[in-house]
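One chain, subunit A, appears in both complexes that follow, with subunit B as partner in the first and subunit C in the second.
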Partner chain A sequence: MTRSRDSFSMSHPLVNFAFFVAVLGMSMFCLHPLILGISLVSAIVYGVVLRGWRHMAKLLGVFIVPGVIVVAILNPAFNHNGVTLLFTMNDGNSVTLEAIVYGVVLAATLAVTTCWFVCVNAVLTRDKFVYVVGRPFPTASLILSMSFRFIPLFLRQFHLTTVSQKYLGRDMSSARWWQKIKIALSVTSSMFTWSMENAIHVSDSMQARGYGQYHRRRSSYSPYRWDRRNVVLLLCVVVLTAVSLTASLEGGLAAQYDPVIVVSGISGASANLWTWIGAGAFALLANIPLAIRCTDAAQWRRYERSLNVGGSQTSTGRIESAWR
Partner chain B sequence: MALISTRDFSFAFPGAEPILHNVNLSIDEGGFAVLLGPNGSGKTTLLQQLHPVLAAAGERSGDILWRGESVSRETSSEVARNIGFVMQRPESQVVTDKVWHELAFGLENQGMSSDRIRQKVAEIATYFGIEGWFDKDVSELSGGQRQILNLASVMVLDPTLLILDEPTAQLDPISADNFILMLHRLNYELGVTILAAEHELQKILPNATQVLLLSEGELALSAPPQQAIPEIMERYPELAPALPVSAQIYAAAAHNGVSGSSDVPGENATLSPLSPSAQSAVPLTVGEGKRWLNSVLPAAEPAGGMAPSPVVSGANSGRDMDGDIAAATDITGKEPAAIRAQEVWFRYDKGSPDLLQGLNLTVRKGEIFALVGANGSGKSTFVSVLSGVQRPYRGRIELAGTPLKKFAPGALYRNFLGVLPQDPQTLFVQKTVVGDLEDVFPKRGVQRDEMSSAILSGAESLGLMEVLERHPYDLSGGEQQLTALLKVLLLKPQILLLDEPTKGMDEAAKSRVIAVLKALQKRGVTVLFVTHDVEFAAQCADRAGMFFHGDVVSEDRVGPFFSRNNFYTTSASRIARDHFPMAITKDEVIQCVRKQMTL
Partner chain C sequence: MRSQADDFVESLYGKESEPASAPTAHVDTEKKTLPDPSAPLVWCAPVAKHRGKWQAGVEIALIVALFPIIIFGEMMLGARTTLALSVAVVACAVVLFMFLFDTRHPSPRELVVIATLVALAVAGRSMFFMLPQFKPMAALIIIAGVSLGQETGFIVGSLSALVSNMFFGQGPWTPWQMLAFGLIGFVAGALHQAHLVSAKRIPLSIFGFLSIFLIYGLIMNSASLLMYSSEITPAALAMFYISGAPMDLVHALSTVLFLFVLARPFLEKMERLKVKYGLV
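The block that comes next holds the complex of A and B.
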């Protein structure tokens, strides 16, 4: 599976941003188990597509599963609300069924959010993030961009300076503590001078290229294009979100864990039409990235096949590519 | 009409001595002017004063004229928009984090619409060949790419005049050549007027239409290269070594003894065979030099093409005259190894490629070894592995017979291994040069006068006496490099590893470094340096090796090494190899030419 060419990652940052806001928002505020389950599965599948199953398995095994267990255990230990008393602890506090269930739901929300953030990191790269921030606040985006330029430069210089001081016999690892303080001070002073010097050069370079020299307002360029495909994608996100929200407002996705568990379709309330509409819309929403990835892959296969039919390749070649 | 000119322009920083005196310069539209002058002659100050926005505050008199009209407060911002400025250090003039954003930055400042910016950025990226790394982070670029990006992001603003302050001083020679070719294209194809300060004139002078010489704040010379070169040779011999090698060989042959090596016997010989060509143009490029040499010397022996033949007597005597080299080669076989690397393998991460691939190298005690090779080939990595900062995952490194691992971390760098890192600024921690140098000595147990005499004699031999009280960051790139070298030398190392020691240095500074290293060599100090500067390697080292694909290939004595190389060799060897295959430095070629003439 190729990880590099992800159709959703290649679409406009605003589409990416809208999608993640919608999905994360729904997952965090609508605590219906159906939504959480759909969200978790979609996030894991998309995460595997983007980063590989090893990465996701490691994340799940090392971080998410233990985290989920801790939260699920800790919640009933501190939260004693709920009507179904299971047993009373030694210190007199009661453990309730509702608290346990709520703990599990909280833990699931945590897991869902973490998994989605793996995808956010892979899709909403740094420059897209700068762009999204820069739409309403152009100055902030310039500052962000300059910081992203400066931070690696600073870290590199810091590393080089430490090494150079080592060459001069000032090695942190072998020094006594008072020598360490001295070395740290001289590295800090060197870095300070360097930063000031760098700032002067950058400011000269900015002014020489007209920064602050024009009366007109600065514009903000981005290499992203807003085309029909992005409009369609954004519409899908908006419509599906609207449908899920409506379903939620209509009570189809009601979920309450305290003091009584009322979850439509599972306990305390029966499932209605809105439950299925809401869950369906959300399932579609959460799988938009996978869906367009699959459609694009299918489109490419059709395209390849059409080339083969065109004649230059043999029939075996055609059969092979069909099997692929 | 001149595009930009000055009339009796003088400038002094507040409360300081005037740094520019009555400068009268004039640059024509479409011209390519090269500004030269020794370090500290006021080049940077002059260039910045010409740009209304970058001009530092201070006392000014006289006028700066743009298209014949004095630049006033009202017209200054209009003039500034027509001038592009590129500074020396490639990293510190980049503003944003992405290549495309950097290109768009100046246009955004003008408030241009996104569509228009897209067109202009696309056009400029195509012209400068940036498309391949358009989406990259600026931090991923090489120094050469970054400087091309700086040039492109200035050119996107359509300046009429482009001012550059030693733009190639921090670049390796191949990137520097690319950069200068790009300047030539801008001038030749687009008619952009160029004013560039440079001290490496080998490549830039053949393209120039005008040479400006700034000496102690005064404009000493302003003439086309063909007139300027003889005048520089005569009046400013200290600047002559920076001129193109062809011109130097030509001048030395024509004037017999002007360019320095007057210790040659028989220098008064007549040069009658030269007189017809002496009136023709001074050769500037390697090709012109070759043609001139062919015209004045008898045809080269046809058999000499394949192997450097010892028959060509002039070349051999040229080498033999250098007693140091002959002596050094005698000892190399017997002396114990100072640096020995055996099948060294190194990579940064598990997944990254091997930068050192079974590298083998032995440098004997008292030897000067030059390692040459392209940028990013891993030469600097090798230095950091040899210096114990990075550990090889396989193989063995010994310094003076002891495995590197056995050294205690503190003991290695005290009076034993001296390392000059690539960026000299990383060594500076004090506010003055002298303070920084004193910082090397331990606070206790050192005699004050012993310390200052060590510093003064070192500063004397490297030519740093005049900058001792200045802030290290205020020095020119070459002076910073010298200061850093001195700082390392004050630790009295027995083995010296130098990473690009001559970056940003003018020829005078380079010859001081050579003298200092040769003196150290006599005391038994071993030197290994990594460099792009083949001319320096040919003059300074005993042996040289080519770093390629993680290993040292084709190591040999410098003479055979460079005379065997066809592409990675000195300009002097390229010019004269048909006649004197073994002569690799320009002094050797000059001696050979003289000898041939007197026969």
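The block that comes next holds the complex of A and C.
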């Protein structure tokens, strides 16, 4: 329910892709703690908005926290560089503060990317993938959409085949295990033949309808419209990414952990103007979806109130329940 | 040689149409379907041209160049730059393969057979989804590469990785998996064409086992090394390899099992399709 009302999910797929590429790229390649912290908070909030807090809490508890601990512990075991020696292990290798900090930072990137991919999986649905792949590679996107159709078809055919085998006396559920394997194999074999014959029929049908004749002139249907809102959104994404990239090129978001920790604004180097500009631009960038969602919700409430002036209380209530 | 019966039939049904009219009708249809030299015919689409030698050369150069570029980047630059560089190289490799495939204008038969193989691989994975890493994807990709050639093998492999991640969740591993599965299909096809791996049960099973450890394992473990390790050394890579070994072993053994059981019947069926319908 919440997913269908998410304004960012309803914008053009190219905008969605550009946003995720920008945010994931910045969080994976820029190891500045400020950027990572902003990214983590925005990803968790947007993930909670999209999938609910239960899902995010489960993900954090089951996957992210153990993964983070493993990465944070393993790094000092292999990285012995750094000037601040904490202690020496039995085998003569030293454990340094720099290596531990570096491990924690890398673990943070693991958490950040995992959280962002929750949003990616919710926003970038299959039809959007087919559309975006279809712009440069029409044949590849055709294969993608055909296989999306074939998967449920094959699973259904698999079920039909097992049922018909059952009434031929080959019942999977009551057979012994070697007979089960034998039945499964015969079902798989007939499935493969059936699906390949099906492929031949489909391709003959495509050829009869003239597929592949006019490579240049053929267009494909898409339900997405490129309108002014999308232009504005894409411009926001591009400009904010450019600003934060410039900031990191100017040294405002420099982060070095090996052999000395030099993080602008935190230790080793003082924060300059570019640090704040870069972090601010990235914070705006990462919260674009939430901002659109909030402004849309506010606008909806304003419309609702304007309806309420003329209409009765019940009609608004009905609209509200329809949208919930 | 007219008989009374003929006269009778004629009186009943009227005069029979002249047999001489048949050739004129034939001429008519020929006129109708005369090919316009500027516009291609719809009814007999030409079979897609086989790729030129330069395309195969580009593909092989790409794969050969891939690993030295990553290793060179690793030596020259810091850890994160290596990651950025290798993600770029992986994306370029997959995109170039897709581009070469697209410019070839593959025939509908080829397209639908590839889509079917991708769907079978993903449907197979979804049937065993409760068993981690126990999946028939690599086995089907190897069968596709052996029977349909290296390029189709790559396309089947990389698209099955993409499609299965759309069902089971995308992640930072998607481009790496696309490259790894694509390479498994490509190498299977290339080795089969070079007569190094014959299309028999035992050699294919051995290849399947090795491909999981040497191709899939190498690429995926290097990916996690690049992403989550601060120190990129052979020792660290070996550590990632060892920690991932049980999962890789399950994956490799399942591939061997599926190849051992399915390779012969599936390859025979593909061969029959190729003979019967002139596939590829």
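Heads up, the rule we're going with is that the second predicted complex is superposed on the first by the 275 of 324 C-alpha atoms of A that agree within 3 Å, B and C clash if a C-alpha of one lies under 4 Å from a C-alpha of the other, contacts with A are read in each partner's own complex, and residues count from 1 in each chain.
Simple rule for what comes next: a contact is a pair of C-beta atoms (placed from the backbone, for glycine too) under 8 Å apart; a residue touches a chain by one contact, two chains touch by 3 or more.
Owing to the predicted nature of the structure, the values given are computational and were not obtained by experimental measurement.
Novice: Once the structures are superposed on A, label A:Thr113 by its partner contacts, choosing first (subunit B), second (subunit C), both or neither.
Specialist: Only subunit C is touched by A:Thr113; subunit B is not.
Novice: One more residue to check, A:Glu304. First (subunit B), second (subunit C), both or neither?
Specialist: Neither partner.
Novice: Report for A:Met146: first if it touches subunit B alone, second if subunit C alone, otherwise both or neither.
Specialist: So A:Met146 meets both subunit B and subunit C here.
Novice: If you stack the two complexes on chain A, which partner ends up touching A:Glu250: first (subunit B), second (subunit C), both, or neither?
Specialist: Neither partner.
Novice: Identify the partner contact of A:Asn198: answer first if only subunit B is touched, second if only subunit C is, both if each is, neither if none is.
Specialist: In the superposition, A:Asn198 touches subunit B and subunit C alike.
Novice: Output check: A:Asp296 vs subunit B and subunit C. Expected answer is one of first, second, both, neither. What do you get?
Specialist: Neither partner.
Novice: What is the contact status of A:Gly169 with respect to subunit B (first) and subunit C (second): first, second, both, or neither?
Specialist: Only subunit B is touched by A:Gly169; subunit C is not.
Novice: Identify the overlap between the subunit B-contacting and the subunit C-contacting residues of subunit A.
Specialist: 126, 142, 146, 148, 153, 189, 193, 198, 202, 204, 206-208, 210-213
Novice: Enumerate the contact residues on subunit C facing subunit A in the complex.
Specialist: 40, 42-43, 45, 48, 78, 80, 83-84, 95, 98-99, 101-102, 105-109, 111-116, 118-120, 122-123, 126-127, 155, 159, 162-163, 166-167, 169-172, 227-231, 233, 235-236, 239, 261-262, 265-266, 269-270, 273, 277
Novice: Which part of subunit B faces subunit A closely enough to touch in the complex?
Specialist: By the definition above, subunit B touches subunit A via 51, 53-54, 77, 80-81, 83-85, 87, 89, 91-98, 100-101, 104-114, 117-118, 121, 135, 137-139, 150, 153-154, 157, 384, 387, 389, 408-410, 413-414, 418-419, 421-423, 425-429, 439-440, 473, 487-488, 491.
Novice: Name, in rising order, each residue of subunit A that touches subunit B in their complex.
Specialist: Within the complex, subunit A touches subunit B at residues 126-127, 130, 142, 145-146, 148-149, 152-153, 156-157, 160-161, 163-169, 171, 173-175, 186-187, 189-190, 193-194, 197-198, 201-202, 204-214, 216-223.
Novice: For subunit A, which residues are in contact with subunit C within the complex?
Specialist: 24, 28-29, 31, 71, 74-75, 77-79, 81, 99, 102-103, 106-107, 109-110, 113-114, 117, 120-121, 124, 126, 129, 136-140, 142-144, 146-148, 150-151, 153-155, 158, 185, 188-189, 191-193, 195-196, 198-200, 202-204, 206-208, 210-213, 215, 257-258
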